[in-house]
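Per-chain residue numbering starts at 1, and chain names A, B, C and D are given in the order in which the chains are listed.
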Amino acid sequence: MDETNNWGRWGAADERGALNLLTPEVVIAAAGSVREGRVLSLSLPIKGSTSSPAPTTVPHLKGRPLPQHFMSVDGGDYAAGTRAIGAGLKMADDALIVTPHGTTTHMDALCHMWSGDSLYNGHPADRVRSYGATRCGIDKAGPVVARGVFFDIPKFRGVPHLAAGDRITAEDLEDCALEVRPGDVAVVRTGWPLAWYDSPEKYWSGQPGLSADAGRWLAERDVCMVASDNAAISGLNAHQGADESLEDDLHMLFLWRHGVYLAEMLWLEDLSASTRTDFLFLASPLAIDGGTGSPINPVAVL
Amino acid sequence: MDETNNWGRWGAADERGALNLLTPEVVIAAAGSVREGRVLSLSLPIKGSTSSPAPTTVPHLKGRPLPQHFMSVDGGDYAAGTRAIGAGLKMADDALIVTPHGTTTHMDALCHMWSGDSLYNGHPADRVRSYGATRCGIDKAGPVVARGVFFDIPKFRGVPHLAAGDRITAEDLEDCALEVRPGDVAVVRTGWPLAWYDSPEKYWSGQPGLSADAGRWLAERDVCMVASDNAAISGLNAHQGADESLEDDLHMLFLWRHGVYLAEMLWLEDLSASTRTDFLFLASPLAIDGGTGSPINPVAVL
Amino acid sequence: MDETNNWGRWGAADERGALNLLTPEVVIAAAGSVREGRVLSLSLPIKGSTSSPAPTTVPHLKGRPLPQHFMSVDGGDYAAGTRAIGAGLKMADDALIVTPHGTTTHMDALCHMWSGDSLYNGHPADRVRSYGATRCGIDKAGPVVARGVFFDIPKFRGVPHLAAGDRITAEDLEDCALEVRPGDVAVVRTGWPLAWYDSPEKYWSGQPGLSADAGRWLAERDVCMVASDNAAISGLNAHQGADESLEDDLHMLFLWRHGVYLAEMLWLEDLSASTRTDFLFLASPLAIDGGTGSPINPVAVL
Amino acid sequence: MDETNNWGRWGAADERGALNLLTPEVVIAAAGSVREGRVLSLSLPIKGSTSSPAPTTVPHLKGRPLPQHFMSVDGGDYAAGTRAIGAGLKMADDALIVTPHGTTTHMDALCHMWSGDSLYNGHPADRVRSYGATRCGIDKAGPVVARGVFFDIPKFRGVPHLAAGDRITAEDLEDCALEVRPGDVAVVRTGWPLAWYDSPEKYWSGQPGLSADAGRWLAERDVCMVASDNAAISGLNAHQGADESLEDDLHMLFLWRHGVYLAEMLWLEDLSASTRTDFLFLASPLAIDGGTGSPINPVAVL
């Protein structure tokens, strides 16, 4: 592996990056990691009741537009006298407005971040326009069907969750003594969503996350995706910003240099309660043409 | 199986219906159906460029509000002079407005349709309100990890796609000679999305779909979900309505009486091009609290 | 005037309430109050840049979904290479998502609040459904063209703005020594938006507003609308709630009992800087079929 | 008047264009045109019921995203058992999604269209970005309080409405024998919304509108705004495009060269039923920071 840049590894036209590692052999092996047949959702709930405080009860970055969920017809309408359709059919329908980054469990497209004038693999950044990204959009990713490898750092350290200032080092990952294979999804738990339930203020005081060295450690092992329960893979300061330089920025490292996908704001507490460190990992982003990411409900099949 | 109603089969409080069939054994067996390691997305694209005709280029029911996709910052902004963040980071961000029923590939929650005053399993319909459904919402479903069984009716009949007036009978399903096990997802192809590419008018002239008898045939075999590439599982007339009586209505039969989930508007052409009739089927609806459904990107792992 | 209820004053079918007071004579007299020819906007800005902190820089009630403004095509796209239309035309287009109550300058419809099973004038509340209100919606109001009468309480008291706990009494209004005629719009300044610019925390610590007695004083004088720069006409406590009983609640008094319209979250600082206490007042709510209100940009023509 | 370009007429920094013509004297004179005291709304209804066909029942350009209106709490919820707030308060709340151009009565900002790299008055077009236009946005316009002058062309020609191919000439305007003063709003009726009620197909078959010569005739007379009941001021062909060259394009002429505002998709049938050709005209766009336009409910005070 080129340690600084995987550009062009799969050819100059490649927009799929590390998901190319998901060869048939890798997928078959991933399916083979199903042993218990238990299925876990790794998603936070999307609470969008516009006239209620519900959306603010779910972990999110401050100032981001929260999901909104509207019922365009519901049981209340029938209780109020709306007539059933035809011989008695009643239905409920709804709409969702979602800005996934920073507000709910989601996956980043390779076009989400870059530096200079080029996206991942040299694709021109000026192809990311108001109509969506015609290069490296989430529609280029497709479903992620891979083996998940679980780095449960708080459990390893014997704490309920990491502290806001904690940064996970390469040694932390090494100490977990897990086999990481090309095409794996590294699932990294910080436990930070638990801080939300202490108080939103605590959640917003900063966030624990991966250090740059830990990021490089994962990139060197050719994971196809890094998924974490924090909001930015890296840690965040009290201003919700990352302190790393551009060189060490984890979005630059993963998305831009290596084409490694990111999934953020997962709920990993149920997974932590299991004793499993490998499993079948699934994430299937909506096929949003030119999207910068997608809300997802990732799955661990134990 | 009670032929007319599965209510209470898993207890009076049950809101999950036929997904209860996905026992660990069933999930393990489903994972075992992965043989080639090929991953297929079964989703239509979500094209939401508001100021372009893009959204109207994807199959959808007439008159429904199409998805809208907005970029809140993009490469064009940087081309126009927006400064990079910090030492050089640039990013794209977006928002999606989606009303999934009738507009894109989606999964129905059990609360989507009912008759009288009760949802599936007798849950009160007046709990489906503007804040979302507190009974039988899509958040109660969780991920679907199951064996898919593929009824490729047009291939069986030797036609590119069924005609608008065609109704798939129980005999058609029987003739496919496929083993259907409890907990399977029945994936039924009509080929109707191809009609869209002839012309929207043709697509809107009606839709082929399952007959009531075919629906009962599937329900009797205890599938957990029926997924099809048409818009309503049943056929539709030229007014985009179903001609079945309430007794024979397929949404009533599946969602309401048997708790069998529905997925509609899939793209099954790539699956049809394979020779596989069983595979690992995955659908992971967004965890929308009280949602009547969710857009999904279903997956077949061959 | 019936002091407790104006219901039926204009007939059992009336859905327009106090706007019926705007007779041709009243409108002509209102137009006659234009003397200087100066036009003032009385609106807060709608800042909706989704990926920026802009929306949070404008006064709003905590926890409400802020306006979102998206550009679906803009100058950045052309800078990035989008081709002009035809021989050289370029255009920008946008979309707005707005939930007016509590987030921006708006007008309430008579259907916005009620008690029991009836809206204003006995219209059944169960006609307010997911498809909108078929009784007393904002579409029933029509444009407000009236004489404005300005109660600039902070100026009268010699303070920059009222304190969070201040309640404006009937005596305060009386002391202003203004003539109030039937059909007038009472414009009441608290100065509270200035608190936002001290800090959002101060703005959210409570709000000054009209007392119940002051409300009755205005209702007795047959104003058609009360417009203020606070968020709820009445004062608010630190939980953003009103402390009045149902009997004294100002929304009940004005909207429900008397059919008097409310406009909230105005910007009255420029008006305060003038020396005028009467003027032509204009507010033209969007004709939203069945809406509970509308964002407005109210106008004073001095 | 410079016949080809008014740029810089009010100084290099000017972003307000022809609205500068609304001097105090002009505003006072406009108020003086109120004689009967009758108030007419000149707006189409905004029908946004997402799960109903309502939005499609209002004139709009084909393929544009229609307004969506959602109730986030309504009377149906209370009928279904939602508890009143405190001692008995009930409320309805809602949200609106609106993309005004081509879908409802609206006003264009000067940044809506341009050619080359400059907006009206040479302002750089690359300041129109995803966060909104920082030059020539609708927030720069402010309320329009002016004298309206009514060119009721179908009435003059003795037809219910113009035909799709009809173009209004300078002679047509001249023949109306109306006095046009600097700062007036020219209100031009085509009657085309009536075609919608014959059939949407008829409405979409093309649209009548102003010819380039008629546009120049109005621009020479220094109107501050042109308001019409068609969708684009100019006529449209069956593809919903204008046939004029860039030189003759009416959006270029009015918005870009002369800073004259446009209001489109008005409802002028009630105004036509009156015998008035001059009146007080009001339009108060929402103060959308950087917006390309705003939905409006324009008013004629007769």
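Of note:
In this section, a residue touches a chain if its C-beta (ideal position, glycine included) is under 8 Å from a C-beta of that chain, and two chains touch if they have at least 3 such contacts.
Predicted model only: the values in this text are computed from it and were never measured.
Put simply, subunit A has to spin 180° for its C-alpha atoms to lie on subunit D, with the angle rounded to a multiple of 5. For chain pairs A-B and B-D, the one joined by more C-beta pairs in contact is A-B. Note: centroid distance subunit B to subunit C, computed from Cα atoms, is 44 Å.
One finds 24 Å separating the Cα centroids of subunit A and subunit B. Here the CA centre of subunit B is 42 Å from the CA centre of subunit D.
Of all residues in subunit B, those touching 2 or more other chains are 49-51, 65, 68, 70-82, 93, 95, 97, 99, 126-131, listed in ascending order.
Taken as a contact graph, with one node per protein chain and an edge wherever two chains touch, the assembly is complete, since every chain touches every other chain. Contact residues of subunit A toward subunit C in the complex are 50, 53, 55-56, 63, 65-66, 68, 71-74, 76-77, 79-82, 97, 99, 126-131. Looking at the complex, you find that subunit B touches subunit C at residues 49-51, 68, 70-82, 93, 95, 130. Contact residues on subunit C toward subunit D in their complex (touch as defined above): 22-28, 31-32, 34-39, 41, 43-49, 51-52, 54, 65, 69-72, 74-76, 78-79, 84, 86-101, 105, 111-116, 124-133, 139, 142-143, 145, 241, 245-246, 249, 251-252, 280, 282-293, 295-299, 301.
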